[in-house]
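Consider the two complexes below, in which chain A is the common component and chain B and chain C are the respective partners.
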Partner chain A sequence: MNKNEIIDKLKEKNIRAVARLLTLIENEEKEAENILKEIWNFTGKSYIIGITGPPGAGKSTIVDLLSKMAIEKGHKVGVLAVDPTSPFSGGAVLGDRLRMTSSQETGIFIRSVASRGHLGGLAATTRFMINAIEMLDNDLTIVETVGAGQGDVEIVQIADTTIVVEVPGLGDEVQAQKAGILEIGDILVVNKCDRPGSDRLARELKMMLSLGEKKDWMPPIVGTTATNGDGFDFLWKEIKNHKKYLGTDRKAEMRLKRINYELENQVSQKLFTKKMVQIGTNEISKMSKKILERKIDPLTAVEEIIRE
Partner chain B sequence: MSKKGKIRVLIAKPGLDGHDRGAKVIARALRDSGMEVIYTGLRQSPEDIVEAAIQEDVHFIGLSILSGAHTHIFPRVVELLNEREASDIKIIAGGIIPDEEIPKWNEIGIEAIFGPGSSTNDIIDYIKGSAN
Partner chain C sequence: MNKNEIIDKLKEKNIRAVARLLTLIENEEKEAENILKEIWNFTGKSYIIGITGPPGAGKSTIVDLLSKMAIEKGHKVGVLAVDPTSPFSGGAVLGDRLRMTSSQETGIFIRSVASRGHLGGLAATTRFMINAIEMLDNDLTIVETVGAGQGDVEIVQIADTTIVVEVPGLGDEVQAQKAGILEIGDILVVNKCDRPGSDRLARELKMMLSLGEKKDWMPPIVGTTATNGDGFDFLWKEIKNHKKYLGTDRKAEMRLKRINYELENQVSQKLFTKKMVQIGTNEISKMSKKILERKIDPLTAVEEIIRE
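Let's look at the complex of A and B:
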């Protein structure tokens, strides 16, 4: 499929075309940029739910149940599930789909994504991949991050509602307090409530929230058992509450802020690359030598290089 | 394939066959050779497999069948890929497939079949060669 074929088929909501565009995006092909430019107007229409939490917490199982519920309620759902790339081989086993078999039957679109070395819990191109899936006219996109550690909070830059999943038995209160990812949750889920320790974990989370600063939206804590569906009606209700809280105004404001931030990032990166190419590595190594020989100080050196 | 492109392979266990060791061994070996492997688990219907392969935009579907059910699963997967205009996705397979049947399966579009004892290096080399 060439560029025009893909664009035509995207407009017919052809699944192969969307899947191929996703590949072009994740491979960072120039072709992907050209297509994205042309379809931009059709994108941005889905509500984005992000799901993050430690490895094995039950994220994929939750995504599966949520998707199925959403579909039964008349929504159209797309899923992006990110798993880590092995730093040794560059390969990956993408296993999230394994847990998504019940929603699979409903004709949902699921794409497994490898992080390909990107840090932060997502892949570098996740944002554009969401846009590509939106060509299928889904009104809901669910994004599952890699099993996240404390620093992996990139999902908040993308999701309208971020759900943080915790499970009992992973560690004590101290660990929970350290976890930066708790602070990003619009909804906190305590999954595996069939296991001992879930009540205690819920109480600890509640305590931590009450000690933190007061916000307009205080994250609710929802207990779930993803293996049998317990708690999911409540979870769905809280997602709807948060969506209502955001409303159109807060959502637009939030998205504007992100676009602003993203644009700033992109522009500064492009400028940086351009300037670096202009300066050239030769100039840098020449200057380094001078610094070593004490012919110039590093501070002046920087000023001189930039001025050139 | 572009610089950043990776070979993507869907490893599937169709039908009621519960022998999943081979599929897992292959999934891990392919990952360790730098490929992206989507493992869909047990009890997948040919329809599930083809739909997943299309959504995931894989280069290969790898079927692992030790139950004897390949006789109806192979033709069905080929047929569904044709229906979806996705016959550029290649099919390879492994498990318990009688040697004398192999030419027949090759002919309908199962590119290569690797039985018990196949070396994972041979399988990796085959996939890398066929992808280019």
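Let's look at the complex of A and C:
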């Protein structure tokens, strides 16, 4: 398929064209940019739910249940699972998840996202992938990411409602990462509630929240057992509550702030790249060496590079 | 004092001129830049020890003891305590710490560091403050920062040897931040070793380290009781070990990498600022709004801003 064929097929909500575009984005092909530009005003209409948490927390089972539930309630759902840490394609995980693609109502896509993409970083790339999926005309997009610290926080800045999944018994080193990840959660899920330690985990999370700053929206803690569906009605209710809390205004304001932040990043990145092309990419290294050797001070170095 | 007077006095290792320059840097005066440019090749000669940890961990007592110890061993010591979170000047903390300034051998300076300085962010500003202090011809600079998460990690990227201080009994929320902060420590100190829970904390830290990636330098864990000086001989030994481990080559390599990283940041920041001056500062907001309203796509938006 060439560019125009892909665009035509995308407008027909063709799932294979979406998969094709996702691959182009994943591989950072220039063609992806050209397509994204032309489909931009068809996108941005879905409500985005982000799901994150440590490996083994049961995120994908939650995503599967949640999307089935949403479909039953009349939503059209797209699912994107991204892995910012390891590039993979196909294999066991993908095969396992592809079950659902057969369903007419939904599309599930699993993609790796490069950390410093041609398209401008993790968040931007993921956002473009969501835009690609939105060509299916889904009103709900569920984005699943592995909770891997920094990158993860960035990636979740995309969702309208962010769900952080925790499970009991993952050991201290995981516990230790909780503080940071809690800050980004609009809803906290304690999954595998049939396991010992889940009550204690819920209490701990509650305590951590109470120690944090007071906010208009205080994240509810929802206990789930993904294997039998326990707690999912409550989870769905809380998603709806948060969506209602956001309303049109808060959602628009939030999205605008993120667009603004990202635009600033993109512009400075591109300006830097352009400058590097102009003066030669190793000019910075050469200048750094001169700074270290005290042959030039860093302030003058910056000025000289800018001026060149 | 005007610019040239300050520079002259700095060359005479005048402590008041150093204090003056620090204030200029703190207040982000243009004059600071002009002075820093001219003293650059007199700076960079001290070995930098960074000390960080949560509030209440006893960092300042450790810094005091460590600097006295270093002076006794024949070093000339400068101390910089920076607070990236709250701008303060004078007051109880400063008064309390000024005791040591009377000593001829050392200078202690407590400064707040603005998070997005004219001089280019937290790390850059702190580095310039260290350069100012280095005019005292000290061979050792101890930089103390409050462990406040992100900003803190950035600020510690300045030190040759980074010491992370932890104490028992600060509660779960502090524990939870440990994982991130451990990564930056070359030496881990468990302070207040006379308190219950210190053994357990040391064991926990050891476990966390063993779970992390294997490195050439594995951070030793040192127990101290700052109030009576216990463990400080061992701490001093470990600092010397780490300094020896770094040697001239690793230290230069590390500093070069940081200079390079920072130079890239500075250049893109300045290019962005220059662009904003050129096209008007609210061009980004206007463009963001158009992106949100789907009137332009983000890729074209970036191109248009760059082209303008």
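By our rule, the second predicted complex is superposed on the first by the 234 of 308 C-alpha atoms of A that agree within 3 Å, B and C clash if a C-alpha of one lies under 4 Å from a C-alpha of the other, contacts with A are read in each partner's own complex, and residues count from 1 in each chain.
Rule of thumb we're sticking to: contacts are C-beta pairs under 8 Å (C-beta built on N, C-alpha and C of every residue); 3 or more make two chains touch, one makes a residue touch a chain.
Just so you know, these numbers come straight off a predicted model, no measurement behind them.
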Which partner does A:Asn41 contact after superposing on A: first (chain B), second (chain C), both, neither? second
Is A:Lys289 touching the first partner chain B, the second partner chain C, both, or neither of them? second
May I ask you to decide whether A:Met208 touches chain B, chain C, both, or neither, giving the answer as first, second, both or neither? second
Superposed model, chain A: greater residue contact from chain B or chain C: C
So in the superposed three-chain picture, is A:Arg255 touching just chain B, just chain C, both, or none of them (first/second/both/neither)? second
Which partner chains sit in contact with A:Thr23 here, chain B, chain C, both or neither? Use first/second/both/neither. first
Using the superposition on chain A described above, determine whether A:Ile306 touches chain B (first), chain C (second), both, or neither. second
Chain B and chain C footprints on chain A meet at residues none
What part of chain B is in contact with chain A in the complex they form? 2, 4-6, 8, 27-28, 30-41, 43, 48, 51-52, 54-57, 84-86
Touching residues (chain side chain C, partner chain A) in the complex: 33, 36-37, 40-41, 43-44, 119-120, 124, 149, 172-173, 175-180, 204, 207-208, 211, 252, 255-256, 259-260, 262-264, 266-272, 274-275, 284-285, 287-289, 291-292, 294-302, 305-306
Would you tell me which residues of chain A are touching chain B in their complex? 15-16, 19-20, 22-23, 26-29, 85-86, 88-95, 97-98, 101, 104, 107, 109-112, 114, 116
